[in-house]
Structure formats: C-alpha cells, structure tokens
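Each of the two complexes below includes subunit A, the first together with subunit B, the second together with subunit C.
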Partner chain A sequence: MRQRQGLIALAFLAPALVCLAVLRIVPAISAVVESFYSESLLRGGRVFAGLGNYTDLLAGKEFRQSVGVTLLFTVLVNPIQVVVSFLLAVLFTQRAAGARLWRTLVILPIATPPAVSAVIWSVIYRPDGLANGVLERLGLPAQPFLTSPSQVLASLIVLLSWIGVGYWMLFLIAGIQEIPVEVREAALLDGAGPWRRMVSVILPLVRRPLAFVLVADTVSNLLVFAPVQILTKGGPNGNSNLLMYDVYNRAYAIGDIHVAQAEVVILVALTLVIVAGQFRLLRGDQ
Partner chain B sequence: MRRNLFALPAAALAAALLLAGCGGSSGSDSSSAPAADPGPETGTITFTGTDNAETYQPVIKAFEAKNPGIKVTYTQIPFDQFNATMQQRLSAKDAGIDVYTVDEPRVSQLAAKGFLVDLSDLDGRVKGSFSATAYETNRFRDKLWSLPMWNSTQFLFYNKTALAKAKVAPPTADPEQRWTWEQVEAAGRKAMQAGATKYGLFMEQPEAYYQLQPLAESLGGGSGIEGDDALTPAVETDGWKKAMQWYGATFASGLSPRGIGGFQTGPVFANGDVAFFVGGPWDLKIFGSSKIDWGVAPLPYFQGGKPVTPTGSWSLGINPASKQQGMARKFVEFATLDAAGNLATTSTTTIIPANLEAQKQYTPKMDAFSGAKTAGAAAITAYESEHTAVSRPVSVGYIQFEEVMAKAFADIRNGTNPDTRLHEATRQLTEAWRSIK
Partner chain C sequence: MKRVGLSVAGGVVGILFFLPLLWVVTNSLRPGSETFANLNPLSWQTFFELRPTLTNYSALLGSEIGRATLNSILVSAATVVIGLAVCATAAFGLAAFEFRGRGLVFGIVVLSFLVPFDAIAIPLSTMFRDWPLTNTFTGLVLPGIGNGMAIFLLRQFFLGIPAELVEAGRLDGLGWFGVFRWIYLPLSKPALIGAGLMLFLFQWQAYVWPLLIGTDAEHIVGPVALSNLQGQNFTDYGLVFAGAVVLTVIPLVVIAGFQRYFVQSVSSTGLK
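Coming up: the complex of A and B.
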C-alpha cells in the first residue's frame, strides 16, 4: 500500500523533478564543470584549465570592477526598493479616496516587459528627453544621466525601482491586510498616531512578507540584465557593468564561454552569501 | 521499491554529469566539416537576420516561385541582440536556423567555431560574380564559408534648409571635391549658431567600428589590428589617437549629441535637428519620407589625410546543424549568385547588391530613390567602391575586437580621455585574445 502511494506520489512529482533536473541541475553542473576548461580557437580543442579561469578572472581589472559595482548597486537598490514598497503599501492600505486607482497605477509597470521599460527610459534619459524637460521646467540644469560615470548607476536604480516597487508592494499589501482588524483598532483606541501605528504595529506584523520581499528582491537585483544591455552596455567606463551583464558579455559577445561559466559560479556564490547573511540578520531579529 | 525511488534522481544526476561533460566540446571540430546530408528536397527552411520581414519578402517570394515545394520563413532578431543570440543558438547546435546573415568580418571566427557550412565547391562561381574584396572577406583558411549578399558605403547627408539659414554653401556630390571633417565641423557650428539646428554633426552608428574605422584610417592610423595572425592590437597609433581626440571633442563641445544611440539616431536628422549626418545607402529611401529638404555628398576625410570609406555588409551562411542543407543552399545561391535573386533582396531596402551583375543594374537607379534629394548617390557609390573603400580587418579575433572597440567608442563619446581609453582597449584586447591564441 505504502509502495503504491509512493509510486503515485512519484508520478505526480515526476514532471517537476524532470524539469528541476533539466532546467536547473544540469545547467548548474555543466557550468561548474565547464568553468574548469578552456578552449583555443587557433589551436583548437578543449583543455582542462583547473582554476585558471577563476584566477584569470580575479586578476582582471574589469571583473573586480564589476564585482565592486554589483556590490554597491546591491547595497543601494535593495533598501531603497524595500522601503519605498513598504511605504507605498502602508499608504495604499489606508482608507482614502482613490487608493485603489493609485495602487493600480503603481502596479502597472509590472505588466511592461523589462526590455520595453528600458526602451521607454532610454527616451526619458536622452539629453533632450522627458527627465531633462522636467528639470528645465524646475529651473534646474540638464543632467547627463546614462552618459555620466557618476550618475549611471543611480539612473538605473531609479528605472529598476519604477519597474520593481509595484511588484514588491503587492506582497506587502497582502501582508498588511492580514493584520487582524482588532489589532489596528486597538492601536487606534490607544491613541497611536499614524507613524506610531506604522512603526510599532504594522512593521513588526509584516516582518515575514518583508523578509521574503528583501530576499527575493536581492536575488532579482543581482540578476538584472535587460536594462544594462539596452541602455548602457556596462558603461561609461564600466560603471554600470553589473555581474549578470558581464557574464552575458563574456559568454556571447566576447565568446569566452568557459570564463563566463566561472563567473556564473562566482555570481551564484555571491548571491548565496548575501542571501544567507540576510537570513541570519532576520533570524537575529526574532 | 524505495531504493528505486532514490535511483531515479541518481540516474538523472549521472546523465546530467555526462551531458555536462559533452556540453562544451562543441566548436572546435571546425574546418573539417563532414559531408553533410542535404536533407529533404521540399519543406520549409528558416532564414534568420536583423532586417525587418518586408526586406526579404520579395526575394523569398521569387525563390518560392522558382522552387515549388520549398517555403522560406524569416525570423528577425534585432541588430543589437543579433550577434549574441546567434552565438548562443549556434553553439547550442540549434537546427531551427537553416540560413542566417553573417557580418563579413565575423566570417573567420564563425568558421573557426564550426558555425558555418563549408561552401568551397562554389568558389569558382563566387570569384567570378563578386568583387575581389567581397570574395576574399568570405574566405578563411583557404575555404569559402559564406556568400556575399550586400555591399555598403557611407554618405554625408546634409540638411539643405539649415545650411541655407546659416548661409553656408552645401557640399558638392563630386567625390573629387569632397569636404574635410574640419569643413563639416565649421559649417555644423555655423548652423547651430544660426539657430538652424540643435546639433551640427551626428553619425548614425556613433559607437560602431564600421562607421568609425574611416576616421582613423583617413589619418593613416591603420585598422587597429596587426601581426601575422592578426591578433595584435594597434589602436594606439597616432592616427587612432588623433581621430579619437577629434571624435570625443565633437561630443564634448555639443556638436554631436550624447545619450542618443541605437536606432534613435536617424530620426534626429529626419526631424531637422542636425545639419550633417553620416549614414548608409539604406537612408536614401528612409529619409525620403522626412519633411526636411536634404542632399547627399561623399564621406569627408581629415585635412592632410586620405579619403577612406567603409564597405562590406551581410553575407549569407548555412548553419551546420541544419537538417535541410540542400534547400538552404538553394536559397543562399538564389539570393546571392543569381543576379535577379540578389536584386530582389534590395528592392525594399536601399542597400547595394553584392553580385556584380545585379550591381550594374542597381547603381544607376540610386540617384532617383528620393527624387532630386538623392542626386549624385550613384556616382558617389561607384567612385567609393573603386577608390576609397577599405574593408574591416579579417581576424579570427574580430568579434572580440568589435565588442571591445564599441565600448571604447562609447566611453570616448561620453567624455573619457581618448588616449587612456585606447590604452585600456589595447589591454582588454590583449587579454581577450590571449584565450584565442
């Protein structure tokens, strides 16, 4: 009987297991294996290179800069997106006129593919684009945005937040709406102001969805690719060369697939370290 | 039974390891392509390129009429993503691509990687049907890998109304009296000062080697690649430095706009926002629908230097993973070696057919693509292909070269010091080519 149940369970699980193996495990193992090889076009043939690709990468200026840029980006973009999503979620769960309409407008960019969003923003950031038009109206000087080494990362963060905050906000709205009405009413009766209610009531009670949003947002931001490819190609001077784009560039533009696979392994390791760190921090809170 | 349950993932893992082990062994079986099975005589083949579908409708229609039973479906991949997507799909031995467009300088690396079918049996016919340059750029290691479909050149487009407003006499279409870049710059500034245009000069592909090579070559800077194996960077020559200093300064001074790239450049000219625009033969028709009044002149050169113009374009190649190589070959031959077929590839896009016979019929028509505006285009095209055309360098490392240089051009455009950036490019190229050697 138990055997039959096991078989049935396996039959149900099989498609998922096959997908897991084909789409996740095989490419992962393949990347690790291939990262130890190298290939010469002139000599022909694939040779075992050991840790050569890794040492080459670490010795390379571009890779080190790319890691630096990615870490800086991660440190900046995630808190900004999580805080903005949380504030918007709090705002849009208030009983106020038009809250639903605003909520829909904030969620709308999710429906736009990242590539299309990037194209829209490429026009906004143009020297004669919308952003400079607004600055001009406000009497402020025009800005170079994507063509300036010091503004490019910030410009990408704004664009990615435009795409992302609506999505993350949804999870937080769901979390806030799960807070029992009595708790909120009790806080109101106790005379807690809006700030006090947000910090002392809502924030602690949405900690779990907040933790999920932080981790998922971090992972998704570590894998940002389309806007970089379309808008900046990693420039100017490598200041927006995020790791995921660098991997793609090495693999398919430069054509050095083995070094790119070594970089993928490092990117995954970096992601794991950051996410593990976040879990540890969140657990420490409890 | 429980043991069997565990055996399944273990087997999957073993298979995964096996697959992973085989996964990367692609690519190096290059030059000794086995005699491929031509596949079925009838069916549907897939043709992949960057141009929009209308471009190839006439040639596909003509081919299908001539070859009943064979259908051709066209897939477009945008230019910006084309090379990378193709690398990805070809290295995965994707049989969903039968015929694809090959950028000529990339032939050697694509052939070396085993991404092209050897077409050497057509060598004699190809030699007789195309210019020596077109023939040579499609060969690598004494074999023929792709057939030239198009050729190109570049023109200096100018906004007649803006120049009139600035009281500047426009350049002539006579190649013997072509303007210098210095003249273009001065006239462009006058147009800006007169309030006739926002910008003085703009290039259609401001970060592409194809369009910027002539700047350095005009000053004797060379192609940027040297050495017996064509794997030694040479982008720090005086010519390259001077050319890039001039180029960077055009953006720093506001003569050309920063932050506009990709396919947003043409509309800047068509909207009347720039006095001079460097573009290809395709623009002869595209700008025809714009409201502004314009004309064409030959590509400028630097004072004291020599006139140099870009050349070359797409060729057609066959994917070795294709299971229908017989039909694919028929299509490739029709679109390139057959003069009528080759002409059909240029009936919606105004590009120059590579087939000499087709070219003879095509060039005289160029003068009338957009009425009086395109007057002189035919003579310019004929002159440039004979006297000033310089192809992009043939190197097995060209793909890396083009990618590294595109980033360098972008940075120089955005204000990075040209000398230090070219030095950096040399370092990057040396590093990228180390793995090839």
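Coming up: the complex of A and C.
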C-alpha cells in the first residue's frame, strides 16, 4: 500500500523534481566539476587542472581586489539596510496621520525591476542629473558619484537601499504587528520612553523576522549584479567590481569559463560561510 | 504634538523615496530633449509637467522596448501557468502521501532554494548553450517554473487540508488526480495566488538570466532592452522613462490587485 502510494506520489512530483535537479542542482555540481578543468590549446579540449584555476584566481590582483570590494560592500550595506528598515518599520507602525500613504510610498520602488531601477539611477547620477540638482538646491557642491573611486560604493548603496529597504521593512512591520497590544500597553504604563520601548520591547520581540531579514538581505547583496553591469562596469579602477560582476565579466568578456566556474564556487562558499556565521551569532546571544 | 512629529517624519521619508519615481513619471510625459532642462536650479517644474504629452508612450509601441515588454508579459504569464501546475502537483505529492524517501525529496526541494539562482545562472547558461536553448522562449521560461520556495509554501498550505475530505472524495470514486483537482485546488486559492505572484515577480524582475540567454530582437525582455537603450550615445530619455514607467506599473497593478496575498506570501517566506 505504502509502495503504491510512493509511486503515485512520485508521478505527481516528477516534473518538479526533474526541473529542480536539472535547473538548480546539476548546474551547481557542474560548476564545481568544471572548476577543476581547463581548456588546453595544445591537446585541444578539456584537461584536468586540479586546483589550478583556484590558484590562478587567488594569484590575480583583480580577483583579490574584487573580494576586498565585495567584503567592504557587505560590511557597509547590510547593517545600513537592516537598521533603516527597522527604524522605518517602527515609524510606520505608530499611529500618525498619513502613515499608510507614506508607508506605501516607501514600498512602491520594490515593484520596479532592479535593472530598471539601475537605469533610472544612472540618469539621476549623471553630472547634470537629479542628484546634483538636489545638492545644488541645498547649496552643496556637485559630486561625481559613479566616476569617483571613493563615492562609487556609497552611490550603489543608496540606489540598492532605495530598491530594497521597502521590501525588508514589510517583514519587520509584519513582525511588529504580531506583538500583542497588551505588551506594548504594559510598557507604556510602566513609563518606558519611546527609545526604551523600541530597544527593550520591540527589538527583542521581532528577533525572528529581524534575523531572517539580515540573512536574506546579505544573500541578495552578495549577488548584486544589474547596478554594477549597467552603471559602473566595475569601475572606476575596479572600485565597484563586486564578485558577481567579476564572474560574469570573466565568463563572457574574457571568455575564461573554467576560472569563472571556480569563482562561482568561491562566491557560493563565501555566501554560505557568511550566512552560517550570522545564524551562529544570532543564536549565540539568545 | 508627538503625533504631528511622527507624521511629518513619515511624510519626509515617504516623499524622499517617491521623488525618483515622480521624476521618472514626469519626464515620461515630456519630450526627451527636456529631461535635463529643469534641474539647475531645481524648481517645482522638475517634478510636475503642466502640458503633459503622450508622445513617448506612443513611440514606445513601435519600439524595441514595446516589443520587449510584450516578451516580458509572455514569459511571465507562461511561467505562472506552467510553474503553478508543476509546483502545485509537487506540493500535493509531498503533502497528501506517506512514502519512503519523502524526507529526502523534501530535502531536495529545500536545498534547491538555498542555492541562489543568480549564482548558478552562469554555469546553467553554458549548459543551455549546449542544448541549443539560447534565444528561445523555452530557455527563458524554464528556470522560473521549478520554484522550491513555491512548492514549500503550497505544501504548508496543503498540509492543513483535512484527511476526512480526501477520504470522502475517494469513497465517492475520485482518483488521486481528481482529489487534487476537485478538493485541493479549489480550497487553496489564496496559497495558489501567493505562489503565482512569487513566480511572476521572479520572471518579471529577472535580469542576469535573460541577459545570458535571450538577447536577440525576438526574445529580449523589457529590463534588458531598457538597459541596452541606456548605453547608446544618443539616448532618447523620454523613451527610457516611458519604458521604465510601463515596466513598473505592470507589476504594481498585479501586486495591488492581489495585495492581501502578496503580504501573505512575503511574510510567510520569512516568519512561519
């Protein structure tokens, strides 16, 4: 009976299992396998290269810079986005006139596809674009944004936060709204001020959604691609050459597909290490 | 007094987030040659157009972006229909049956959404080149249909359907496909809409994959076409902004239409 059930279940599961295996798991495995091979002009074909691709990568200055830029970006963008999302979630769950409308305006940009947002911001960041128009109005000097080695990451972070903060905020608003009203009222009766209520009451009670947002945000930021490809091409001087773009560039501009696969493996490994570390930290202080 | 402060703070933040979009909409309603006209100094005309024109939108119809937007619609619609069929049957297989290896199959589903798709897009695209699937709609749609997260969500929902209903259906002579079709599906509309939204947004927002796999004029999708146009020397910004508005408004209408389910599907991915 159970065996018959198994066969029927398998019939229902088959299309999805084939899709997941062929479109997700096989390419992941193939990246690992291919990363140990290289094309040989002499022997005309694929030859086993062992860790050769990896040592080539690590020896390259460009790759090491790319890892450095990616780590710096990760360390900056994630705390900023999580803190801003949390503060906005707290702000927009207070009773105040127009809160729903203002909240909607923050959420609106998540409908814009990331590549379209990148195109929009490429016009905003032009020397004669909206960003400098605003600075001028405030009496501040015009800035180079994307063409400045020291401003390019910050410019990308602003654009990515415009895209992402509303999305992460949704999770945190959902979390805050699940806090029982009595808990909040009790804190109010105890005379806790707004800051105290936020830090000692709301923050601990939204730990779970907060942890999720931190992990999911980190993963999505490690895979940032469209803004780099559309706005900066990794420049100036490699200062925005995030790993995902470096992989793409290596695979299609340089045509070094096996080394690119090695870099994919490193990128995924890095993602897993960072995410595992975050989970550990978050569980550690419970 | 405190409430006034809170609404002012909220208003400032909301307007700051909205300004870029407002600027895009305004500029989509004026000739491309005037895009940079009202920026120095900034004035109210930067964000409002008193004599709006729809020329950019009518130009969009015959342009590459118009064509690309239709492709995006086609690819996303096909993904939702086929993807829901594939994911819902799989979720039914996982939820309604007891069998050996169920844990293993479930593990594969979870594993498949832990590996981020964009990271494996490049190895997958080299595979697709060998199978000649580049520049085909099949190649564009395929990666969207087996969505581990959608299977996971639908399975959670299906687990809540009482076994007595299934038994009653079986006694009435329904086959297993009948149970799925006439008991599970009709009871799961909210979950199906949530999963459908997820499949739709995955495709609509996709950029890496279509850039790797579909760049000829017949298969290019909206975001890729828009970014191509942006890179050219003589860019008609009126057209760029009209395209950006259309590519934003379509998902916005879909999300707004299914707002309730959107929040459900978003929050259940993280919290439950």
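Basically, the second predicted complex is superposed on the first by the 265 of 286 C-alpha atoms of A that agree within 3 Å, B and C clash if a C-alpha of one lies under 4 Å from a C-alpha of the other, contacts with A are read in each partner's own complex, and residues count from 1 in each chain.
One rule holds for everything that comes next: a contact is a pair of C-beta atoms (placed from the backbone, for glycine too) under 8 Å apart; a residue touches a chain by one contact, two chains touch by 3 or more.
If you're wondering where the values come from, they're calculated on a predicted model, not measured in any experiment.
K.L.:
Do subunit B and subunit C fit side by side on subunit A in the superposed arrangement, or is it a clash?
P.N.:
clash
K.L.:
By the touch definition at the top of the document, which applies to A:99: first (subunit B), second (subunit C), both, or neither?
P.N.:
After superposition on chain A, A:99 lies in contact with subunit C alone.
K.L.:
Once chain A of both complexes is superposed, is A:213 in touch with subunit B (first), subunit C (second), both, or neither?
P.N.:
In the superposed model, A:213 contacts subunit C only, not subunit B.
K.L.:
I'd like to know which partner A:25 touches here: subunit B for first, subunit C for second, both or neither.
P.N.:
Once the two structures are laid over each other on A, A:25 reaches both partners.
K.L.:
Output check: A:271 vs subunit B and subunit C. Expected answer is one of first, second, both, neither. What do you get?
P.N.:
second
K.L.:
Figure out whether A:234 sits in contact with subunit B (first) or subunit C (second), or with both, or with neither.
P.N.:
first
K.L.:
Once chain A of both complexes is superposed, is A:17 in touch with subunit B (first), subunit C (second), both, or neither?
P.N.:
both
K.L.:
Does subunit B (first) or subunit C (second) touch A:118, or do both, or does neither?
P.N.:
second
K.L.:
Please tell me which partner, subunit B or subunit C, touches more residues of subunit A.
P.N.:
C
K.L.:
Return first, second, both or neither, reflecting whether A:133 touches subunit B, subunit C, both chains, or no partner chain.
P.N.:
Only subunit C is touched by A:133; subunit B is not.
K.L.:
Between subunit B (first) and subunit C (second), which, if any, makes contact with A:259: first, second, both or neither?
P.N.:
first
K.L.:
Check subunit A for residues that touch subunit B in one structure and subunit C in the other, and list them.
P.N.:
In subunit A, residues 3, 6, 10, 17-18, 21, 25-26, 30, 34, 122-123, 126, 128-129, 229-230, 248, 251-252, 257 are touched by subunit B and also by subunit C.
K.L.:
Could you please specify the touching residues of subunit B with respect to subunit A in the complex?
P.N.:
These residues of subunit B touch subunit A: 1-2, 5, 8-9, 12-13, 15-17, 19-21, 23-25, 27-28, 30, 80-81, 83-85, 87-88, 91, 109, 112-113, 198, 229, 231, 257-262, 264, 396-397, 399-400, 403-404, 406-407, 410-411, 413-416, 427-428, 431-432, 435-437.
K.L.:
Could you please specify the touching residues of subunit C with respect to subunit A in the complex?
P.N.:
Result: residues 3-4, 6-7, 9-11, 13-15, 17-21, 23-24, 35-36, 39-42, 46, 85-87, 89-90, 92-94, 96-102, 105, 108-109, 111-112, 115-120, 122-124, 126-127, 142-143, 145-146, 148, 151, 176, 180, 204-208, 211-212, 222-224, 226-227, 230-231, 237, 240-241, 243-244, 247-248, 251-252, 255, 263, 266-267, 270-271 of subunit C touch subunit A.
K.L.:
Across the complex, what residues on subunit A touch subunit C?
P.N.:
It comes out as residues 2-3, 5-6, 8-13, 15-21, 23-28, 30-31, 34, 88, 91-92, 94-99, 101-106, 108-109, 111-116, 118-124, 126, 128-130, 132-134, 136-137, 162, 165-167, 170-171, 174-175, 178, 208-209, 212-213, 216, 219, 223, 225-226, 229-230, 244, 247-248, 251-252, 257, 260-261, 264, 267-268, 271.
K.L.:
In their shared complex, at which residues does subunit A touch subunit B?
P.N.:
3, 6-7, 10, 17-18, 21, 25-26, 29-30, 32-34, 37-46, 60-62, 122-123, 125-129, 144-149, 229-230, 233-237, 248-249, 251-259
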